[in-house]
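Sharing a structure with you now.
A, B, C, D, E and F are the chain letters, set down in written order, and residue numbers restart from 1 in every chain.
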Amino acid sequence: MPRYGPPDALETPRYAGVRTFMRVPNVRATEEVDVAVIGVPLDGAVSYRTGARFGPEAIRSASSMLRKYNPLLGVNVAERLSIVDWGDTPVVPGYTLESLDRIRATIEEVARAGIVTLCLGGDHTILLAELRALAAVHGPLALVQLDAHHDLWDEYFGQKVFHGSVVRRAVEEGLIDPARSVQAGLRGSLYGPEDAAMPAGLGIHALSSEELLAMGPGGFSMLVRQRVGAAPCFLSFDVDVVDPAFAPGTGTPEVGGPSSREALTFVRSLAGLDFRGFDCVEVSPPYDPSGVTALLAANACFEMLSLLALRRA
Amino acid sequence: MPRYGPPDALETPRYAGVRTFMRVPNVRATEEVDVAVIGVPLDGAVSYRTGARFGPEAIRSASSMLRKYNPLLGVNVAERLSIVDWGDTPVVPGYTLESLDRIRATIEEVARAGIVTLCLGGDHTILLAELRALAAVHGPLALVQLDAHHDLWDEYFGQKVFHGSVVRRAVEEGLIDPARSVQAGLRGSLYGPEDAAMPAGLGIHALSSEELLAMGPGGFSMLVRQRVGAAPCFLSFDVDVVDPAFAPGTGTPEVGGPSSREALTFVRSLAGLDFRGFDCVEVSPPYDPSGVTALLAANACFEMLSLLALRRA
Amino acid sequence: MPRYGPPDALETPRYAGVRTFMRVPNVRATEEVDVAVIGVPLDGAVSYRTGARFGPEAIRSASSMLRKYNPLLGVNVAERLSIVDWGDTPVVPGYTLESLDRIRATIEEVARAGIVTLCLGGDHTILLAELRALAAVHGPLALVQLDAHHDLWDEYFGQKVFHGSVVRRAVEEGLIDPARSVQAGLRGSLYGPEDAAMPAGLGIHALSSEELLAMGPGGFSMLVRQRVGAAPCFLSFDVDVVDPAFAPGTGTPEVGGPSSREALTFVRSLAGLDFRGFDCVEVSPPYDPSGVTALLAANACFEMLSLLALRRA
Amino acid sequence: MPRYGPPDALETPRYAGVRTFMRVPNVRATEEVDVAVIGVPLDGAVSYRTGARFGPEAIRSASSMLRKYNPLLGVNVAERLSIVDWGDTPVVPGYTLESLDRIRATIEEVARAGIVTLCLGGDHTILLAELRALAAVHGPLALVQLDAHHDLWDEYFGQKVFHGSVVRRAVEEGLIDPARSVQAGLRGSLYGPEDAAMPAGLGIHALSSEELLAMGPGGFSMLVRQRVGAAPCFLSFDVDVVDPAFAPGTGTPEVGGPSSREALTFVRSLAGLDFRGFDCVEVSPPYDPSGVTALLAANACFEMLSLLALRRA
Amino acid sequence: MPRYGPPDALETPRYAGVRTFMRVPNVRATEEVDVAVIGVPLDGAVSYRTGARFGPEAIRSASSMLRKYNPLLGVNVAERLSIVDWGDTPVVPGYTLESLDRIRATIEEVARAGIVTLCLGGDHTILLAELRALAAVHGPLALVQLDAHHDLWDEYFGQKVFHGSVVRRAVEEGLIDPARSVQAGLRGSLYGPEDAAMPAGLGIHALSSEELLAMGPGGFSMLVRQRVGAAPCFLSFDVDVVDPAFAPGTGTPEVGGPSSREALTFVRSLAGLDFRGFDCVEVSPPYDPSGVTALLAANACFEMLSLLALRRA
Amino acid sequence: MPRYGPPDALETPRYAGVRTFMRVPNVRATEEVDVAVIGVPLDGAVSYRTGARFGPEAIRSASSMLRKYNPLLGVNVAERLSIVDWGDTPVVPGYTLESLDRIRATIEEVARAGIVTLCLGGDHTILLAELRALAAVHGPLALVQLDAHHDLWDEYFGQKVFHGSVVRRAVEEGLIDPARSVQAGLRGSLYGPEDAAMPAGLGIHALSSEELLAMGPGGFSMLVRQRVGAAPCFLSFDVDVVDPAFAPGTGTPEVGGPSSREALTFVRSLAGLDFRGFDCVEVSPPYDPSGVTALLAANACFEMLSLLALRRA
């Protein structure tokens, strides 16, 4: 068995104990670790609601319900992967650029030890720090982004780094390879028709929510594989990709999206890629009175771990 | 550019400022105005939950997230339409008939100026005031109603005007042309089999929720066009048409309905009709802890504006 | 008309009066009674959230919105069935085994009078008491279980009777006939691959959530009829069978399930079986801020009554 | 022991069973009944929030926590009083005057049988119906009103009967004797200085919240006794008399009021008066997420029953 | 009558219409204006919870319940003051320093027109921008701060400007005169004993919550008057000064504080000072499920306006 | 400095990281440890609401806001005490007696190492396990109990061990010395006058809520010191001792209690006793929508640690 992993849930109830992700140990070890789950409690640089700084806490809490075996992918993540909860990166509340530097430093330290990072947001701004860290280690990544928004705007209110501009920054900085990247789930009102053209303008293949649903998981899987190939890959799951009925607790909800079931099926369809990092972002607990958003996020993370476990099999 | 419309959301965050619909000016102008968004804060004459008097506030708040361009219909509502937020009509809380008189007077005043009205309910009782006002200006209207209930009951508790009887009253008063009207989304338990026969008995074409979903947006679009033709038309969107998971904040929720995505697709399928008025009703904020209902309502209104903008193109 | 049933909702609003199920009389009569709705306010022996002891209250409250006629099944439950609200069984909070004895005694008393029982949970542990009571009267039953979990685990924390082990106990005690039983809607992470094999190992036909949705109501109906045949049958509806967006108020939610509409369609597909008992369990009101879970549960109960009314026609 | 009363809470948990007030029988008996608790599910004619139509349900639910003995007054209400839960009066939602007629008729019927009525609101408009009924039976009453508002305004929006005008109407109709009446707890912003003078202008003794607290329960008790004397008396408890921290679930909350403890002490100070009726109004459950308002209301009702039980001793 | 003010609440219900502060006009006029209410939707640079960017919206909404006359101070604010709702200042979400510049510019523009500003926070960081603006116009101010925290820490996480450091910055920049300033309501755990000594170390008179309550409004009034004298004065009301039972919707709640009634009495005790600006900060609506925090804030603002109206009398 | 304690909150925000109590290390060490904070996630054997199994999680989360220095007692808990978060004891959900055995075993293990235990409930049933463990180590204890209920009932529903009977059991088993024990804060309706006499009947000094408030912290301190003297002492803080406005999130709230400020003052008045154990119980997060209950509980625990730190000084 791997060195680090969850305890036996049949011996002590899952609701007991300090809340770490899937109840794995909260240690900052780099030896014999396959995956580090890292909280990134940043919010602020968002165009609507804050609150995502409590996302890591909420996802950890919901993740206590996760068991170890994924029946749809047929893999036991705890048998295949040594998993630790690293705790949270430092942040400087109200100071986005300073925060990104500190986040990047933590992730880069972990990634350099050969560990795959799974970051719990925090708002989507954190993606820029993640990609800076991972690209420094692995080179430019293929980005697979499930999201209602492409986050390719140029600037907001005179600033260049926001939750809605980070993917453009990543392209500009050479952190991702647009030709190998895919965005899917885009929808909602836009500032203008030029918005819809932005992904293509940068060389990224984008799928609207309607296109994604029409294509189905099979089609999506094929498309992504063709684009990504054997490149090192990063999967970013913004919970606003699903309809707000399934994820009300998020910063900029967009009605009319897929269900949780559909979204998780798209994640599972990505088995086989060479993932170097994952995140699950934009969980804003104060807007999640019934907790369904955090529960979805925890399950999305579980699917990511399952993808990695399959690859390591 | 039209005279009235929303400010630039890239210059100041959408969450800043006084909440008007889509952040358009709150003015009672009739010159150079295409659409007036009008709140109708009436509740009370409802068979279950009240609270819809705060519907206009909640929809206005949620609408601040709307951007100007509708990518699915390919139209920028702010470029094509001059939009004002008229504020709310007067009402007399606890006095339904007196309230309807005051609501009707406001709407008629606006409609006589050649302005299309988009009313934010309030409970569905307001439809009777809207139709009285608009029929006085435009003659009998074709009614397209997306709703879980046909609102054709004759009376409740000895009174003739309730949120469940207003469409029958509208037929009796000659405000709508049943032969050109369609109701869709009906479902839930009934008082008896005679209820299901009421629309047909009055000459209205009715589709149950199951029939609507089986027919799809294409079939629905064709059916409505055949019925409505070139007649002046009114679209009434009762948020209880969707499943309560998507719109819990409503007065008489009925489980088992379509999703928000499906419902909005049915709205979009109505492009081309000659709309003279719209409403979005039965948003009850105290039962909407996560705000998804108001967000759906704001988006439904955005689709209505888009339909009008397309027609005006 | 039957002796006991709901009052006329057009004469007094449905929100008025003491909350009994569908507003039927709260009496402990056995004469001229077809169905007794019985609350079972037990929680505690659950692997995650408690709160289901307030499930009966919440379902009764939501059920006041139910009208008498089911348009999809074409049956008026109040015309065909004499229905009473029996009140709640005794329970001993914190003492699971003692509670089950008291619950069983009440249900057996009612069942011996030839009355069909519809129990409002309470957590799923109550199923064992129900089956003990009904099997004592009717012999082994065919169990049709709509649920995200098979509840076939052997023990938790050293104890044999929990909400996750009751179906295994029922098989061991000969209360159900596995060869005539079906479980559907199973999903979520598991302790290991052996979990997925448990139903088959005991002779129960199990369908995962994905299989159930792929099969559709027609296929499900056929499969169940083949299994159950003319045997006396029990239908157990665990609200966690649907996605948490539709039923957040439950003890162990599992994301990625069917919608309420889909779930109710599966219930309706069971028309014709010889039901001797029903339950609707795991409604946990403190986790149901918008009330959608209780509303779904009330409607699921209404469909159950409709199935019985059809059979009695 | 009295004929009607609550069951033994040590034998079955208080949370079990259909929710009647204090779990007493829900019967419409007039023989051997001392007090009838009557729900009045009216809202609508209010200047701010609706929702009080669900007040009776919430107070009944919270009242299940009440035990029978009042240690501060030293009286067992169940030993001294035969108590029934009458259910709710009819109402016509959206039609205030028609509703008041129906409410009055029910209360008068009960009062003519010599039964003291304890009405669960509903908004304060119901007071007018109560006083019409009781004055018809008992003649003009002394009114003791604990409330943040004097409800003496003349009209709102062109109508004479609202939750803010009912006490003026009661004076005009001769239902209460102003010289024997006291209002206490008044506070909050007013339309103008003339508002503050209204009680005195009509001959009612009024105490602001600050005056009431400065006077204390002893002073209040003496003042009320001097005013009321041996006259038949009605106590009206509007939950907005306390600070919104203690009663957020109400229609027109006013910050800066007494605590629950202080308010209940003022109620208890009224022992000895000849009460013919009581009410507890303005509980609006949709604005009461933690349930404290309904709990306070249930306890205020318990103190009222205790006052009556003491008098009957 | 003043040029700008609220409409008549007896003609149209207070819940109707677009939500501006007290329903006064939303205009950016400087002629014939006494007070401008300005929203400052900034959060982020806070040591715990965000969400205060929606504070202005929530306070405006709650303020619709305010009437014009303050009975305890005996003044009608609408008769004495011309009041406008200026809307919100620009902010740059996630960028604290840039935001402060934009906030300061707006406030300075208004203040230079001789208008008193009443700012609706936003977190307490905004105080620095307010003081920079007002000190530029009026010179150093006497600060009266009702707050659980002195906000005199030097830096957090390497940054100098945070909601907990702004008063120290104001002293350093000479924006306030410490010798004329008073902080009151301080409480809660601290980083160390040196924290408690910080106000005195800078020359500010500080009162703990316990000292303030022991002193009472009379003592507080005398102390403040002695300190402030005739100096131009700024009153900052942080809603966390009250106990979280009265103001749960705030960023860094501290249990054990005064009640709303007590806090408002302390505000009223300040009549006579020469106020040039006010604010009410740290209202965080996502943590305010029952709305009591926003209601308290609206009332605190009303008391501030009353203080100004009295001074202008 | 002590070996175990919280990190520096000025370097990384308090909301960052895995939630342990006050962010101290989650270790099961017994060397160089003064206090172990131990979660006891038990609910079930309660007469009203469950949910307290999530109390430890909520208290830990709220405790992240605590700083190290207590200004009112003048002590830095982190400098004086080595504090660990032990995690949670095992429990068997739904099986009260089995759970108490496991809880007792954990606490006894810790106590035998000379460590003071501070248990986070869980419902009050856990007190019996705590006292069994501590009495085994230290002999009979003086119990100081702040609570709305004396928990001296004999049995409920045929069982002897419930949250309302544990103190009677503790007396019978000789775990506490009644002559040295004090209960304070008692209030609310009772089953009968014999209830009020129970403490005295067993030799315990009891103070009603009214008596406690009249006596004040000085009087309470003197009374407790006289009773307890130098005996080893246990302090049990049931959050329902305060009014539900301050602690709605609890199992059996009783209106009319003291404020948080008053309650904490009573805790602080106990400085000097020889505490061997503490608990804070009955925090039920699902009924605590604004989180004030957990925040009060965290602060009550901080005062307990401060009492111990003072004693160790």
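Basically, a residue touches a chain if its C-beta (ideal position, glycine included) is under 8 Å from a C-beta of that chain, and two chains touch if they have at least 3 such contacts.
Nothing here was measured: the structure is a model prediction, and the numbers come from that model.
The chain with its Cα centroid farthest from the Cα centroid of subunit B is F.
Taking each chain's centre as the mean of its C-alpha atoms, the one that lies farthest from the centre of subunit C is E. Shared numbers divided by all numbers used gives the overlap of an interface; between subunit D and subunit F this overlap falls below half, so the copies present different residues. The pair E-F is the one among E-F, A-F or B-E whose contacts match those of D-E for more than half of the residue pairs. Centre-to-centre separation of subunit C and subunit E, using mean CA positions: 55 Å. In this assembly, the C-alpha centroid of subunit A lies 37 Å from the C-alpha centroid of subunit B. Averaging C-alpha coordinates per chain places the centre of subunit B 39 Å away from that of subunit D.
Those residues of subunit A in touch with two or more other chains are numbered 11-13, 15, 47, 49, 53-54, 90-91, 93, 156-157, 243, 245, 259, 287, 289-290. Under the stated contact rule, the graph of chain-to-chain touches falls outside the line, ring, star and complete shapes.
You'll find the chains touch as A-B, A-C, A-E, A-F, B-C, B-D, B-E, C-D, C-F, D-E, D-F, E-F.
On the side of subunit A, the complex with subunit E involves touching residues 43-47, 49-51, 53-54, 90-96, 98, 125, 156-159, 161-162, 286-287. On subunit E, the positions that touch subunit D within their shared complex are 9-15, 65-72, 74, 76, 243, 245-246, 259-261, 264, 289-292, 295-296, 299, 302. By the touch criterion stated above, subunit C contacts subunit A in their complex at residues 47-49, 153, 155-157, 187-193, 195-196, 208-210, 243-245, 248-249, 252-253, 255-259, 287-290.
Interface of subunit B with subunit E (complex): residues 11-13, 15-20, 26, 39, 41, 53-54, 57, 60-61, 85, 87-91, 93, 289.
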